[in-house]
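Two complexes come next, and they have one chain in common, subunit A, joined by subunit B in the first and subunit C in the second.
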Partner chain A sequence: MLDSAMAALASLADPSLLIMLLIGTVAGLIMGLIPGLGGTGAVAILLPITFGMEPPQALALLIGALAVVHTSDTVSAVLLGAPGSASASVTMLDGYSMAKKGQAARALTLAFLSSMAGGIIGAVGLTLAIPLARPLVLSFASPELFMLTVLGVSLAAVLSRGNIIKGVSAGLLGLILGMVGTSPTTAEERFTFGSLFLGDGLSLVAVALGIFGLAEIASRASQRRGEKQTISLGGGWGQGIREWLTHWTQVIRGALIGIWAGVLPGVGATAGTWMAYGQAVATAKDKRQFGKGDPRGIVGPESANNSVEAGDLIPTLLFGIPGGVPSAMLLGMLLTYGIQPGPSIITEHLDLMYLIVWSFAIASILGALLCFLSVKQLAKLTKVPFAVLAAGLVAIMLLGSFQEGGQLGDLWIMIILGVFGWLLKSTGFPRAPFLIGFVLAIPLERYYFLTDSLYEGFDWMARPGVMVFLAILILPMIWAFIKFIRARRHTNLDDGHRDEQPEDDEAPLKNSTWSLAASGIFFVAFAAALISSASFSPEARLVPQLVSTGGLIFSGILLFIEIRRRLRDRTPKADQSISEEAEVILSTQPAKAGWTLDARFALKTFLWMTGFLALTAAFGYLIAVTIFIPAFLLIVARARLKVAIIYTGVLYIVLLALPSLLPIDLPQGWLNTLV
Partner chain B sequence: MTVLVAYAPAPEGREALSEGIKEAHLRNSDLLVVNIGRGHHDLEPEEVRALETRLGDAGLALTIESSVLSDPGDAVIQIAQDRNVDMIVIGLRHRSMVGKLILGSTVQRILLDATCPVLAVRSDKL
Partner chain C sequence: MTSNKSSLEPPGVSPDGTAGQAEQTEQPDPPKHSRRTILAAVGAFALLGTATTVLGGSLLNPPSSTEDGDFSGETLEFLIPLASGGGTDTWARFIGTELTNYVAGRPGFAPVNEAGGEGILGTNRFARSAKTDGTEILVGTASTVVPWVLGRSAVKYSFEDLKPVVVNGTGGVIYARAEAGVASVQDLINRDTPLVFGGISATGLDITTLVAFDLLEADVTSTFGFEGRGPVNLALQRGEIDLDYQTTSAYGSAVEGIVKEGKAVVLMSFGQLNEAGDVVRDPNFPDVPTVAEAYETLHGKKPSGEKYEAYKTLLGLTYTYQKGLWVPQETPEKAYELLRQSSEQLGTDKAFQEKAAKVLGGYPLVADTGMADRVRDAYKVSGSVRSYVTGLLADKYNIHVE
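Entry: the complex of A and B
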């Protein structure tokens, strides 16, 4: 085991690997600065570049980016009070307050050093997990692997923030979407509606960039960030280093919390970071300074949000169930290379495992170093308004999702899913279970049929491993049920530690016509899946039917709740005084008017994207870029003409040169086929 | 001189509030209310006004404060330390040992972490 680790380190001396790691680190740092992208965006945008690379190079690039995304996202949180990712909003509490006192450098030093330590401790955790889990993993057969995939989807659904029913519905719909294409058992086409293009299934990059990337752009494009005044860096570098050293226990504690949050599916960087902040507050004797610039409020969370990404990789690589969205995409990538995570990666590709560990650790150090060196430039970058960045991001994301299949159909699917992802985000549906379900759909079905053919009836259920997993599956549900009952009876006032994210305006369209529509879409989609699966052969039918029946039940409950709430809101509240409390608590968020400003802006952004795609389909990608970018910059972002011209020119030249540097194809339009 | 009341829209919270008012009158000190209810449910405006007049008659002031911390226990302790209050008043009810072990207890954390005297009032009296 030690020699594999050393061999992996030696292989990193290969210049091509080192260069990939460096490129990944720089790309990750830049993407960390862009609000809303986070680890998911970084992996999704870089993934298309890796098509055609060898697995080690591809992994070095992606891990390099993933390891440092949460190092640089702090910069805008501290300097602008506008976090680069959801998890950096925790750092904002104390970091921004510190910066306002003229000690931005102190806050950034604490953050960068803790991020680095978090990354390294995360990598150590990943290393230790390999020998610990090895005997366990090697004892797994198909029944256990099947249970693990079920566990992956359902834990993600249950543990994600927000409503469990919404989480389960999202996870099940992800499973259905993952089954589009050729069935793994009977090789017949499912849910393709006779389309040849859907026969290969939906492209992972298109789904992820749609659900997360485009949705994020649409919901943020209305933010015009440039106006906020930036705070100068100030002094305090030395003080930061000294404080970081005195709070080393907080660093380690934060990193461990992060690893744990990463291991649990569906608990991502955001929740893990809030958990770390909660712990830092709870264990501090003097709580006065929290929220006003306490170093402990920066150190723990910053170390946690980097180690979360390493923790995510533990279940992903060892058990084949992704711990979070970025690692779900890594899992998809490994599967396309024919590397099966789980038992086979431990026996056959141990070198890749250690390569990941080393890359993660080295990138963490490199990332912090680069941040220290370039903090002034990074601070300037954060001043760019989001709408200006959005123009380029849309162009890059569309180009990225074109690479997997080389078909424009993928891009249309991506925009449709973008609208859907925005709807999910703004109505409070967790999106992580959706993507995890999408990735696990095919493995789930394959393991189920393997199990079914190897075991008589339900004998496989009696295997000890399966029983343990069943228990793990059921316990969180009982737990959630007890909490739900207590909340209904209002006997939960005194309960536990509420260290999760404070309920904020993450889902502004909750309890509105929009969420009713979202539940309706879920219901219709499951019903359609159930009906159309009736025509499949019995083998291919079983799993889709089970999933869509389950989905129908859950989305039916959602629809019922939404309709009941609508009806109740409509009836005049005459008897309010009788049960004031119950009523007041239930209707703290009154149904808002459906057509809010943000919704209008988001849909307008999607129209822009559709226009861009239509242009691409007609005239080809390069011409579409030269029309779309200046138009978007001038009209939506209200940038100056000079900026728009330079921006377009630079992007055009880069795009022109790109195909000769990297294995990338530019979409050709209908016009190009004529010429 | 300030008395801090951890209020929540439930029997425990109301018991704590009425006891806190008594205590404020007794000590001739101002009243500071921190809301710890789940969700962002605050005191009703009418209740606040009634409370203000009640305290105002005795020449005492009412402040309502919240914290950036999401955990109610931490929020109470933070504000108590920050305002240097003389006493925290909390309401509580019986909890089973197992319940406290599994779900935890905010009241217990306030009692153990507070750096000033804590007055605990039971809402489920005999």
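Entry: the complex of A and C
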């Protein structure tokens, strides 16, 4: 074994292999930077190039790209609040908060180092897993996978940052949204309103980019000036590395969770990364800083999302079961070389297996190094006025999200969810549970039904694996419940006042008409889901009905709280026992009544996006960009004319060149069909 | 490309004229631009974009000339109605890349994934608005064939309106878990407890296997909802289910090993349709009896009747002629023939066959002169077959096709 490992390492000294690895790494980094493309884009662009290469070269190229996509997708998440991929939205929570405090370089340093470590640990895991993979995968039967998804969904409570009712409501709504499409058990269409387009379910990229990315753009597009304070690295790289080293346990934990999530078919990178975050929060003694720039919130998930890719290679190579689109493409490539994945790959192609391991590790280091060296330059991006960046970001994110299925409908969904995401964000609903609910909806239902129909009664509950999960689940739940009761006692019936949450700048529209409306939307959505699921067959109906009933209860409580507060706010002086603090809150936030400047600006931005998409639908993407970008830059961002002209010109050239350089299609409009 | 370069200089804009506000950017909010500036800039760029789209459309893609014996300067656009990364996608990209080298004039290759509705949306779109000059090619696969066979109302295409350029088959085997008490085909009937078959969805590729079980009168119950065939194979190894099938390309990684270890038993292969439309042994599994032979072993007579007819139809559609490249029926004969002959050359090229052995799963690319007729026969689905299949789904699996 060691011999082949060393032989594989020696073969990497071959310059042609090294060059391929380097090209792959750079391509992966670039594709990771562009929101919406990610690993799928990286492999898709490189795959046609590999036809005609020798297997080692081709593998070095693809693995190089695959290993680093999740290193660079952090950049836009941290700097701009627009995640480069669905799983990068996890890093965004704390990374972006840190960047907003002027510590972008610190966040990026932590993220890159963690990515690198995650990649290396992933590669080691890949090596060790070769003999262990089969028993590991086989020991995870449907009941264990079901419990795993339950655990994932229950993280919604952990991730809801102090407001469990809002967090659970958001998680449940995410579950409902995830069930749009074909039911996994009965193959009937649910919540599609007869639309074939919705039959495949909503695209994860569109949902993640909408709920996080577009929402962020809308709430910040009013910033016509860049960050004033200069971003310093704060003591140089040495300090960054030293700080990172203090979190080494998080790195290892995150990476292990990542490998594990990658090995199990059906869990996926996004859910795996969330779980890494969830465990970091759940096991931390002091949770207050999470979501506000806690380094642990960056380190854990960043290690995880790189090691997921390594973990994913295990079932891909050993069972021929890819866990995601990129590894599916890799599988396809192996087949074109006549390399048959399966248990025998270890005996027949051990050298290639080790080549993959080494390539993964080297690419991880190389990718992190390249990113690390550019931290300073990258961090300068925050000096550019956000409104100026927003114009290009909208164009790029919509283009990125279009690539997955080539459907304009995905983009409309993205904008609608953008508005919804903005509403959630501004009214203090955590969005993380929403996304995790969305991702896990179908696996949860799938494995529930498989468990139910393959095992008799509740026999499966007695399986040792299941019991471990039950323990992990129930103990923190009890703890959370105790804390919840305590917290409520402390708040003394005053819901607007939370002593451990001075983060109302994050949610400026909390306790306003807007949050009342948000609660109303939740309530109506759950009610509608409950009513329309009545027409499904019994099997397809069960889970949606349970979820929407639960949602009705939680959103009902929310609605009740909101209405009660409004009634009380109307007569604030009648009750003298309301603490003075509450009055202070009321008086310092006079604009809460409703139509604030920010809200107006955000909604206007969404109108701009809608206009952009309408232009695309009518005239195609190129014309839409040449109209939208200069108009947005001049009117909204008030950029200098020169900036606007160069900006649009560059984008125009890029759009012209892109389709022939990369496997990217521009959305076609009605006009294109005429020409 | 020349037209692009000349249009790079935006016409009608005076670049430096209004940039005088430069110094004010450090102040709180930059001032508004005058309406004239905005209109001029946006208008100029809009013009540029429109010009590129309109001119670029016809200059970059001049009207095709595919009937002149070569495809030089053209681009073959493959419409893949499924998301990138799957088996069909890999197949199409591989074939496309290779095929374009064989087509005279060496056209470009542009795979386009248009996913949605499990392949139905993209195929609908193709049927509605594909170019009929031979440059736009549909990739057909079981995902789009089965809903058409079932007559789903969402399907707006018909394979009878399309012409096959090349087809590529696949095959598969049905195997069982040894520990479930299965040693041979005989153990499928007269059981104390039925065997559990693990499926993805009754309205997908699984349908052929379900019809085979119905034909054999096998004592089988089915659990659907698995994510793919790989997870079903794992579930069988874990003992959660007893019966599974795998296609030929997955056989090596999923089945061969556990059969050697004695954990699983191969029961039968689906077989292949020969030119006369009969079920014959699969060249990749020459020693494995087909479903038809299994019927004889179990029931002592040759299979016949509506169930067998349905099985043969589905075998042709979902295995023997499973994947294919299609063009609209109206495609000019010359363009069509050029594509077909190029595919035939590709399929018979020894170097390609070697290279493609795994991607094609051990089945040849078929594009000979008689292919179109055979495919047309195979893709004729009689009313009785359709009603039997929808009836089977409704009665046994409580699935009502709309």
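Note that the second predicted complex is superposed on the first by the 343 of 675 C-alpha atoms of A that agree within 3 Å, B and C clash if a C-alpha of one lies under 4 Å from a C-alpha of the other, contacts with A are read in each partner's own complex, and residues count from 1 in each chain.
Here, a contact is a pair of C-beta atoms (placed from the backbone, for glycine too) under 8 Å apart; a residue touches a chain by one contact, two chains touch by 3 or more.
Quick caveat: nothing in here was measured; it's all calculated off a predicted structure.
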- Task: Give one of first, second, both or neither to describe whether A:Leu93 is in contact with subunit B, with subunit C, with both, or with none.
- Result: first
- Task: With the two complexes superposed on chain A, say which partner A:Asp286 touches: subunit B (first), subunit C (second), both, or neither.
- Result: first
- Query: Is A:Ile645 in contact with subunit B, with subunit C, with both, or with neither (first, second, both, neither)?
  - Reply: second
- Query: Which holds for A:Ala27: it touches subunit B only (first), subunit C only (second), both, or neither?
  - Reply: neither
- Message: For the three-chain arrangement built by superposition, which of subunit B and subunit C touches the greater number of subunit A residues?
- Response: C
- May I ask you to decide whether A:Ala187 touches subunit B, subunit C, both, or neither, giving the answer as first, second, both or neither? second
- Message: With both complexes overlaid on chain A, does A:Ile623 touch subunit B (first), subunit C (second), both or neither?
- Response: second
- Message: One more residue to check, A:Val325. First (subunit B), second (subunit C), both or neither?
- Response: second
- Message: Quick one: is A:Ala271 in contact with subunit B, with subunit C, with both, or with neither? Answer first, second, both or neither.
- Response: neither
- Can you list the residues of subunit A that meet both subunit B and subunit C? none
- Query: Any idea which subunit A residues touch subunit C in the complex?
  - Reply: 40, 44, 47-48, 51, 137-138, 141-142, 182, 184-188, 196-197, 199-200, 224-225, 265-266, 315, 319-322, 324-326, 328-329, 331-333, 335-344, 404-407, 409, 446, 449-450, 453-454, 537, 619-620, 622-627, 629-631, 634-635, 638-642, 644-645, 648-649, 652-653, 656, 663, 665, 671-673, 675
- Complex interface listing, subunit A residues touching subunit B: 93, 274, 278, 281-282, 285-288, 290-291, 483, 486-487, 490-503, 581, 584-585, 588
- Residues on subunit B engaged by subunit A in the complex (per definition of touch): 8-10, 12-13, 36-41, 67-74, 77-78, 81-82, 92-93, 95, 103-107, 109, 113, 115
- Residue positions on subunit C within touch of subunit A in the complex are 4, 8, 10, 13, 15-16, 18-19, 21-22, 25, 28-33, 37-38, 41-42, 45-46, 48-50, 52-54, 56-58, 83-87, 89-90, 93-94, 97-98, 111-118, 120-122, 124, 129, 154, 196, 201-204, 223-228, 230-231, 233-235, 237-238, 240-241, 249-250, 252-254, 256-257, 355-359, 398-399
